[in-house]
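A, B, C and D are the chain letters, set down in written order, and residue numbers restart from 1 in every chain.
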Amino acid sequence: MNPVAAKIRMGFVGGGEGAFIGQAHRQAAGLDGGFELVCGAFSRDAHNNQQTGAALGLAASRCYSDWQGMLDSEAALPAHLRMELLVIVTPNHLHAPIASQALKAGFHVFSEKPAALNLRELLALKQVLEGSDRLYGLAHTYLGYPMVWQAREMVRSGVIGAVRKVLVEYPQGWLSQDVAGQGNKQAGWRDDPEQSGLGGCIGDIGTHAFSLAEFVADQPIEQICAALGTHIAGRQLDDDAAMLLRMAGGASGVLIASQVCAGEENPLKIRLYGDKGGLEWRQEEPASLIHRSIDQPLQVLRSGVGQPWLCEAARQRMRLPAGHPEGYLEAMANLYGDLARAIRDPAPGPDAPGVPGIETGLRGMAFIEAAIANHRGDAKWTALACTQ
Amino acid sequence: MNPVAAKIRMGFVGGGEGAFIGQAHRQAAGLDGGFELVCGAFSRDAHNNQQTGAALGLAASRCYSDWQGMLDSEAALPAHLRMELLVIVTPNHLHAPIASQALKAGFHVFSEKPAALNLRELLALKQVLEGSDRLYGLAHTYLGYPMVWQAREMVRSGVIGAVRKVLVEYPQGWLSQDVAGQGNKQAGWRDDPEQSGLGGCIGDIGTHAFSLAEFVADQPIEQICAALGTHIAGRQLDDDAAMLLRMAGGASGVLIASQVCAGEENPLKIRLYGDKGGLEWRQEEPASLIHRSIDQPLQVLRSGVGQPWLCEAARQRMRLPAGHPEGYLEAMANLYGDLARAIRDPAPGPDAPGVPGIETGLRGMAFIEAAIANHRGDAKWTALACTQ
Amino acid sequence: MNPVAAKIRMGFVGGGEGAFIGQAHRQAAGLDGGFELVCGAFSRDAHNNQQTGAALGLAASRCYSDWQGMLDSEAALPAHLRMELLVIVTPNHLHAPIASQALKAGFHVFSEKPAALNLRELLALKQVLEGSDRLYGLAHTYLGYPMVWQAREMVRSGVIGAVRKVLVEYPQGWLSQDVAGQGNKQAGWRDDPEQSGLGGCIGDIGTHAFSLAEFVADQPIEQICAALGTHIAGRQLDDDAAMLLRMAGGASGVLIASQVCAGEENPLKIRLYGDKGGLEWRQEEPASLIHRSIDQPLQVLRSGVGQPWLCEAARQRMRLPAGHPEGYLEAMANLYGDLARAIRDPAPGPDAPGVPGIETGLRGMAFIEAAIANHRGDAKWTALACTQ
Amino acid sequence: MNPVAAKIRMGFVGGGEGAFIGQAHRQAAGLDGGFELVCGAFSRDAHNNQQTGAALGLAASRCYSDWQGMLDSEAALPAHLRMELLVIVTPNHLHAPIASQALKAGFHVFSEKPAALNLRELLALKQVLEGSDRLYGLAHTYLGYPMVWQAREMVRSGVIGAVRKVLVEYPQGWLSQDVAGQGNKQAGWRDDPEQSGLGGCIGDIGTHAFSLAEFVADQPIEQICAALGTHIAGRQLDDDAAMLLRMAGGASGVLIASQVCAGEENPLKIRLYGDKGGLEWRQEEPASLIHRSIDQPLQVLRSGVGQPWLCEAARQRMRLPAGHPEGYLEAMANLYGDLARAIRDPAPGPDAPGVPGIETGLRGMAFIEAAIANHRGDAKWTALACTQ
């Protein structure tokens, strides 16, 4: 008889009432089923913090007024009670400081992206992580979609041949107007370099497009040539970016990320073309992967349990038969599932397989810094640098 | 300060390892976040039962070998520990017997559809329910989708005018071959009248199409003219149905439900046309509701938090901003959420608002019986009867 | 050296200014390139008639005030000058009388559908045709689309196995309002049984759906069970129809044709399912043929010169490389092209291969009469009869 | 009574059997109905030339062995017989020399794009045109689509506000392999700089994307930053291009044109975003124009006679009711129709309204030269120059 499975005890920093992404994390973890919320420091606003904790069924004693206190108090609890995993869903500037302290205090960390505010801070976090035996994951949710793994596998196994072109785009419209000026809290801190980092759109969604491109094409982007834009008076950071790409494997590409594409929702999309065929995936219709070929009709591979032509990595990330839509929360729940397996692994490695980690964070930060440098300078091409 | 929210204690009958729908229920309840699994009788196979319970973190004492024992034992526990809600995910023939016993033992019930094997049994269950103060919900998951509610609201408020035509279709392909003969367990019991009832496809998915049509058109189907079919040698029940409809409000319609539409996944779809316009919704792309009009261009209403043109009922059933796909589990989680609110309601009514209940079950049973009677008889039209 | 090709001399009855379908015929013939307009009796309105002729470059002497005069005068011209082919684009009640006279006078005929007002008249026309050596074609334009031929070929060659289900639908919206009452000329005569025949929607577009189903499924529809409707006060003929189908090869089906599906344009669509797979084609996106299969991913076959996987019949009906849309006029031009080849064929048969003819007209008329009889009667099923 | 309309007498250089584009021009002109083919020099291959002429019904005397002879002989014919319009469908390097001679000899010209091999040659042609009273049109077929005009009108009238972003892409796949090496004639001359000019993909389809962007955005592109690529050993010209754009009105953009996007057909696509909304049009589905807005649901405007919300310019370019697809040949026929009206205009201007002319050619040539210069040089941005 198997032993009774114990859920992983999870705490949150951030994610008080009204914060979209914190709620999404809790829903995804709930969907996965392997986690139990045991504590939180949800908001700097004491009322919101208590309110959120109570609504989530936490005793007042596990609802902390600040994250430092939470780390200390939880570390002092008996091993079978204390938090095992800290989920960080604060504004960007707190990601690295909290993650570092949590790792040092012996907790696994799952952090919203970006990993840090800048490359320097990120390299420091990396050093902490290298001296730790804890796991660190980064919530690049789009890398949790099964058909993204299917696409990567088809690239790797040569189905489309040598990759020549990568076209990735992420056009959103929600910053077409001055929403920060109109009181949108998320738009507010995202435009404050102190809280958000140097990149606006380029950091917020450009990094998703970037990571998706490197992940699926299975080769790093080496050089970029970028144009950034800012379209609202008083806005401090970029709200729009486009760039040409040169990749390590010889492919060229285009990356578009914008938050002023009025009326667009969230259509992150990637297309890859090799000498034998092409692939296309679009986040708003995540169950379909289009496969074009030079010598046969277009195929649409569909997500869904029981499709024998899908790869193992894709199949592990599905719950339902084809035609029963799975979406964003399911993709995030896949990251949580991989995290749970890694935490419970009796012989864990330094990474949680399947979960984007510090290297993904590092690549994304190099991307942001290169984009800004290229935009500001005169050179046509700028190389991505993961060291200082 | 709000009191700490207590999760609703939930038990399962059925849903052992390998059973798709039980797992979906647990994932949906987890996604909602308002429930805690406390007990189960997951499988008649003792090993599977124990295995499932252990994997779900249940102590062996709350993992029961049969549902009767579970009802008795749980009823004997102190109120603050015992199960509050029983989820029934067994083959069809057990739905009504278990539900009746559970209601009598003082538990709320959430049952997979159909509510019963036949009209007689269903009316008996209804009588039990009427003598109870417990809630009864039926897992018509497709009625949990936000854009289904949006469509219904647009019909009700006259956006498309008086409804003239309702076209609903549910073409699946998974029974195109003799999958039961090939060992598919779900196909197996579904084709056994003792376990499944008189309807095959007509009961399994025809009732979904039927309920969706009545729900969105906001008027009952009164008469049908049906042709059923069975396409595999040795198959006992229908695997295909098509019928003409006459509705109470004067609309006519067509209902197609089939499980031999080779290659189709799960594209339940409804179209309605009134004298001012039309609506179209398709389950495989659930975030989009197409609105056609006689005097303006086609519109696509999209699901997503923050779209001011959506109705309140739709908005309550969304979690994420537009463009972040929500799917089948989210729709089911919406039913769980409504159930949780109704259970915690200090002044509960007989129904859980928003959750399909015994009336939906009754209509569906009348539909199955009318379809079979019409198919077998000579009359062109057969009226639906909810009484015997 | 090849001899210089002479264009086929063509005359029109009907198709004066303001008449949509006459203009479409001239554009399609022009696109084909094998025809030359030499005469016409375009309108009973003398001014419109002269105006149309002049605009089309006809000398006044070849612009006739009535079709009888035209037939007489043209027959009296020297063989190398006189009309060879008569195109009939009048209201329905004139189709058969004109066609009969034209055949008798030695002209080939290409007629708008329906071939006649009723079965009796149609059988009389058939007799005339059997005594003639002239060709007779019927403008079932949708049968000119290349991917319709591709679908038929895939059915014939067994790609989807034995056909079990045929779902054909043709929902239009243009009669949702009382457009005849508002002065729409086309809606006007179409609702007059004297000019239109007994069928309204069932004749106007139901026959297109019917012919497409028989053509692609490659088997006759034997029995139908129908419900017709009329939705506007004062409207004489049906504006809506739905029916269940039984086909000769054992397939069952559903046919929907309606002109009160408010907001719909012209989405004639057919789906067929066999024991190995299914096909789907939609007139509004005519270049794509969806092929579903029980054992491989969905494929989309696309129209376009140079796709080696398309059948010969489809390839002959394309002009442009894939991705350069061809549409309705190209489909009609395909009928004209087949007609031209048959007319110039030194050893012509009784039919123009590839062009729907009197048999298609006969089947369509049997369909209309069966639909009306079934709708009016009590019997569930009515057989189609092509004889009286 | 109107006078009898006389068709415009048209001659061809190029377009012998096997040449796709020449046939398309004849079909488009035939569809329009205002033209009559009277002469041609279809091929340098004498047999093909005679064969083509005979098949098209030309007397041998009007089928010329070379274009110079044709110009001379036709000019010597009586005015009521001789060619009025010369259509040039040869390889690129002959476009300007033939056009210049034809204009000088008194013929109107409709030329395939590009107008010339390089900017110098183009400016010379422009000078000839300025000294002539003849019309000159350039076959930018995609500018003949009605919904392209609708999009431009919506931009002009401020429906989407001030344009911020223009994303235009034209990914084809037909040069993914070495098709020239495999004997494809069209691929062959297109890769020869002597016949094709300096641009490969950038000239062949990049100019279509460029012209579409300037036309719809209604503002010139001023600067570009480009990366070109060549992917087949031995291929001389670029087969792939991507670039960042800066436009005169302050918009930024991205242009992608590639012929190595394996499996892609012809999905030229443009998206524009302003501060109030966005537009999207895709050539493979040309009847639909998507309109996104910051404050209402997405709309799909559909091409089709009788849609009152479409602009006059769009309505003039439609033939059929909505839902009856019109495509590439219809778009080209729209250019022919505009050309016919301009030629018959009793008070003609220097341009044919609605037909792209020498200025469009000039812009396209400046684009090609700037793209190549930028690609080869070190500067990040290169300005487009229409003068030398």
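General observations
Rule of thumb we're sticking to: contacts are C-beta pairs under 8 Å (C-beta built on N, C-alpha and C of every residue); 3 or more make two chains touch, one makes a residue touch a chain.
Keep in mind it's a predicted model, so treat the numbers as computed, not measured.
Centroid distances from subunit A, each centroid being the mean of CA atoms, peak for C. Looking at which positions face the partner, subunit A and subunit B present mostly the same ones, since more than half of the interface numbers are shared. Between the Cα centres of subunit A and subunit C there is a gap of 55 Å.
One simple way to say how far apart two chains are is to compare their mean CA positions; for subunit C and subunit D this gives 34 Å.
With each centre defined as the average position of its C-alpha atoms, the distance from subunit A to subunit D rounds to 44 Å. Contacts with at least two other chains are made by residues 264, 291, 298, 302 of subunit A.
Subunit A contributes residues 160-161, 164-165, 167, 169, 171, 173, 176-177, 225, 227, 229, 231, 240, 242-244, 246, 252-254, 256, 258, 260-264, 271, 273-278, 291-294, 298, 378-380 to its touches with subunit D in the complex.
Within the complex formed with subunit C, the residues of subunit D that make contact are 1-7, 20, 23-24, 26-28, 30-33, 50-51, 53-60, 172, 174, 264-267, 283-287, 302, 304-305, 319-330.
In the complex of the two chains, the subunit B residues touching subunit D come out as 291, 296-302, 307, 309.
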